Each structure stands twice: as C-alpha cells, then as structure tokens.
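In the two complexes below, chain A is the common chain; its partner is chain B in one and chain C in the other.
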Partner chain A sequence: MWIYEKKLQYPVRVSTCNPMLARFLIEQYGGADGELSAALRYLNQRYSIPDKVIGLLTDIGTEEFAHLEMIATMVYKLTKDATPEQMKEAGLGDHYANHDNALFYHDAAGNPWTASYIQAKGDPIADLYEDIAAEEKARATYQWIINMSDDPFLNEGLSFLREREIVHSQRFREAVELIKDANSQKKIF
Partner chain B sequence: MANKTLPDDYYQLLEEIQILDFTLVELNLYLDTHPDDLEAIKQFNTYTRKAKELRQQFEERFGPLMHFGHSYSTHPWAWNEPPWPWQV
Partner chain C sequence: MENFMINNTMNNANVMQQSTRKSYEPFVGRYDPCKPITVKYYETPPQLYLGFQPPGLEQFPPPEALKRGTLWPALYAPYSNPYETP
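What follows is the complex of A and B.
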C-alpha cells in the first residue's frame, strides 16, 4: 500500500519560464539514471533481497517517487507558460508535436523510458552494486544540469536532489556490508 | 489550476513540516542500516510526534494532506481542493 501526501519533499521554485532547462531536466524524469528508473528498480528488487535490506529498498524507492514529483514540478513550472514557438526554439518541437505541454517519460534526447534501463539479478551484491552505481550516475547528471542552469531558484532544488543521491549511495554501501557480514557468519557454521 | 492566492503562513507551516519530515527521512534511512542505535530511535520517535502535531495544525487551516483515511475531511469533500503540490 502506498499513501500519497499533498506536498513536495522539498520546495520547488523557478525564476522564469525556461523550456530549454526543462528539456535537460527531463533526463532525470524518464532517462536511464532518472528518478522513475530509480524508484522502479529499488521497489522491484525488494522481493528477492535478504530481509535486512528490504526496509532500505522500500524507503529509498519511495523517496525516489517524491523526487520524481519534484522533477515533474520543475518541468511543469518551466514550461507551463511556454508558447509553441518557445517550445520549438528550446528544441522541444518534437515533444510538443506529440504531447503539447504535457509531461512524458523520455530522456533529454527524446528516447522513451524502457525497462532495459534497470535490472534485478536476484543476487543481492549484484543488485546493490547496481543501485550504488545508479545513485552515482544520477548525482553526476544533476551536476551536469546544474552546470548548464542559470536559474538560482531551480538550482536550490537540484542541489537538494544531488545531495540525496550521495546519501542513498552511502546507505546502499552500508547495505552491502550488512549482506557481506551475514554471508561470512554463515560460513562459520 | 490554483487561482486562489495562498496566505504566507501556508508556506511557512508547510516548510516547517518539510523540515521535520526531512529529519525523519534521514533518521529512517540511517536506522535502516543502523538498527541498534537507541539515540537515533529516540530522536526518530520525538520528531514523529512533532511532525504529527504540525500536520494536524496545517490540516485544520488548509485541508487534508493525505487521503485514504489518514486525514479528516470537511464538507464538501476537501481532497479535490487545490492547491496540488506543483501549483504552489
């Protein structure tokens, strides 16, 4: 069961209509290392992972949906007042032709989201290493987007999200150690 | 679309909840991998109580934050009322 809460995890503000920035941000909405991939990857891996890390996958997976909503809010605010002409100039003409100003799960280059972005190997170490890598890739993507953004309000929200990737990576690294400890104890008996 | 302008204390109260909730998310993830840390558990329970109290204050003024029986409703059904999170 999931419960929705009518609030963002962290406030999202933008300075001005800027469909070009929205186009870059879409990478974290429907891209390979984006928030949708993260949420679906972790929540799906839960069913075959040892009990001691199910809580962590559940909680980080759930937090990723809150991040997905923050990205959606950023994209919505950056594009809601954009004219078709502005969308076209920002390189979102292809998007506009298919979706108007609606959001859609694709990456910055327009490739639709696919399940091949994520993996569930049934091997806890393999899965957790994939999760650590995913967090580090998402952190890097946030940095590249911040490097291109001239919107200080937007960057506040993006910096928060970048920091969360670091915390998640750290917790997944600890989960690897918990699994290793459990495995080495088993060998004694 | 949300056309009503929201009072300043909507944002203030919301931010206070967001601050407490962030503390709780952090403590929660930490405890997931450090389940024996009694001090962190005490902090978690303290902030859980504070966050519940603040949510109640917010909901009395600005309507339900949650659905499916986790918040009360006034008449008419308050859940449909804007603003939604991306509208503020």
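What follows is the complex of A and C.
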C-alpha cells in the first residue's frame, strides 16, 4: 500500500502560459520513456526479481509516480487558461477537439500510451538492463526538452527530474552488481 | 564555459575529474541543405564511471540536496543547452 503526501516532490513553477511547451512535455507523461511507463514497469517487474533488489524497484517505481505528478502539474499550468485559439496555434487543436484542456496519457506526437512500451521478461539481467536504458532515455528526453524551453522556472523542475534519472540509473547499475555477486562474500571497500 | 575536452580515461581515482560532456565532429557534406552543425555534444554523466558507490562519500547539506536532486556531489551533473548562443 501507499501513503500519499499532499505535496509535490519538488515545487513546480511556470512563468508563462505556453501550450507549445506543454505539448513537448507530455512526452514525459504518456510517452514510451515517460514517467508513467517507468512507474508501471518497475512496480510490475518487482514481483519476479531477486529479493535483494525488490525494494529498490518499489522505491524507484513509487518515486516515478511523484515525478508523473510533477509533469502533470507542469502541463496543467502551461495550458490552464489557454484559449482554443492558443491551443490551435500550439498544434494542440487535435488534442483540444478530443480532450479540451484535460491531460491525457499520450506522447508529444499524440500516440496514446500502450503497455507495449514496457516489458517484464522475468530475467533479472534483461529487466534491469531495460531499466537502466529507460533511465538514460528519460534523461536524454529531459535534455531535449530543456534545449527547447525558454522558461527558467520550468527548467529548474526539469533539471531536478533529470538529476533523479542519473541517480536511478546509478542504483539500477548497483542492482546489477548485487545480483551478479549474489553468492560471493560482501565486498569490502 | 565548461571544458569540453574529450577525456576517456577510465581511472577510478579520476572519477571526480571526468568531464560529463563529450563532443565529436560530424561529417559535413558539400551540398548539405541546412547550416552544418560542426560539433555535436553528448552527455556522459557520473553514473557511467562510479561503479558500486563506495561508502563515506561527501554529501550536500540536506536542504541543498533536496534542491539539486541528489545527496551526492559525486552524482551531481547539471545540464544546460550546449547549442545555446549566449
């Protein structure tokens, strides 16, 4: 079970109404390498992985939902009072026709989220390597969005999220080392 | 500006000195329609070099760690657009 804390992991501020940026950011919401994919991937893989790394997948999967919530807040703020005209100008006319200004789980190109973005192979190395790759892909996505964003407040939040991808990648890499060495003595540094 | 020197030394004692940004020079064709990008950059953050994190590493003070997104200076690698013209 989970305990919900009614605050964001990192405060989200947005300086201007910018539906175009929201359109790019939605990649991290419902895209293949987005936070939803990450959370569901880790929280599902954890049932069939060696005991010593289950906790890591639970922790990181949980944190991904906190990131999802931050992205949602960013997208919401960037589009909150955008008029249909502004949505159209930002290339969000198709989105508006279907969803008004509501959020939806799709990528920047409008493809709906699908479970085929994630995998549970049941092989610990295959699964952890997928997780490491997922973190690096998410880090890269944040970089490309930062490259296109001119919103300094938003970039603070994005930089925080990118740094978390680095830390998660590090921990998954350590998880690989742990299960590789499962039968040997504890390492002394 | 940061130092974009290519440094591929995989020396553990050297981990903290690793540059987290590398570059290469892509081929420029004679008839490329877009203005050529002469240098392409890519990131090589610290998790690629650290290995299993050793105990007792230096830490940021907690409020600073919350802001940066990591407790560990060894894992902190901020990013800014390398193609931005100042």
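Just so we're on the same page, the second predicted complex is superposed on the first by the 182 of 189 C-alpha atoms of A that agree within 3 Å, B and C clash if a C-alpha of one lies under 4 Å from a C-alpha of the other, contacts with A are read in each partner's own complex, and residues count from 1 in each chain.
In this section, a residue touches a chain if its C-beta (ideal position, glycine included) is under 8 Å from a C-beta of that chain, and two chains touch if they have at least 3 such contacts.
Source: prediction; values computed, not measured.
Q: Identify the partner contact of A:R139: answer first if only chain B is touched, second if only chain C is, both if each is, neither if none is.
A: Second partner only.
Q: Taking the superposition as given, does A:D94 touch the first partner, chain B, the second, chain C, both, or neither?
A: Neither partner.
Q: For A:N147 in the superposed arrangement: first (chain B), second (chain C), both or neither?
A: Once the two structures are laid over each other on A, A:N147 reaches chain C alone.
Q: Contact-wise, after the overlay, does A:E174 reach chain B, chain C, both or neither (first, second, both, neither)?
A: both
Q: Would you check which partner chain A:E85 touches, where first means chain B only, second means chain C only, and both and neither mean what they say?
A: Once the two structures are laid over each other on A, A:E85 reaches no partner at all.
Q: After the superposition on A, what does A:R162 contact: first (chain B), second (chain C), both or neither?
A: The second partner, chain C, only.
Q: With the touch criterion stated at the top, can you tell me which chain A residues are shared between the chain B interface and the chain C interface?
A: 10, 167, 174
Q: Residues of chain C touching chain A in their complex?
A: Going through chain C, the ones touching chain A are 43, 45-47, 50-55, 66-70, 72, 75-81, 83-84.
Q: What does chain A use to touch chain B in their complex?
A: 3-12, 53, 55-56, 59-60, 63, 69, 72-73, 76-77, 167-168, 171, 174-175, 178
Q: Along chain A, where are the residues that touch chain C in the complex?
A: 10, 139-140, 142-143, 146-147, 159-164, 166-167, 169-170, 173-174, 177, 187, 189
Q: Along chain B, where are the residues that touch chain A in the complex?
A: 11, 14-15, 17-18, 21-22, 25-26, 28-30, 32-34, 64-68, 70, 84-86
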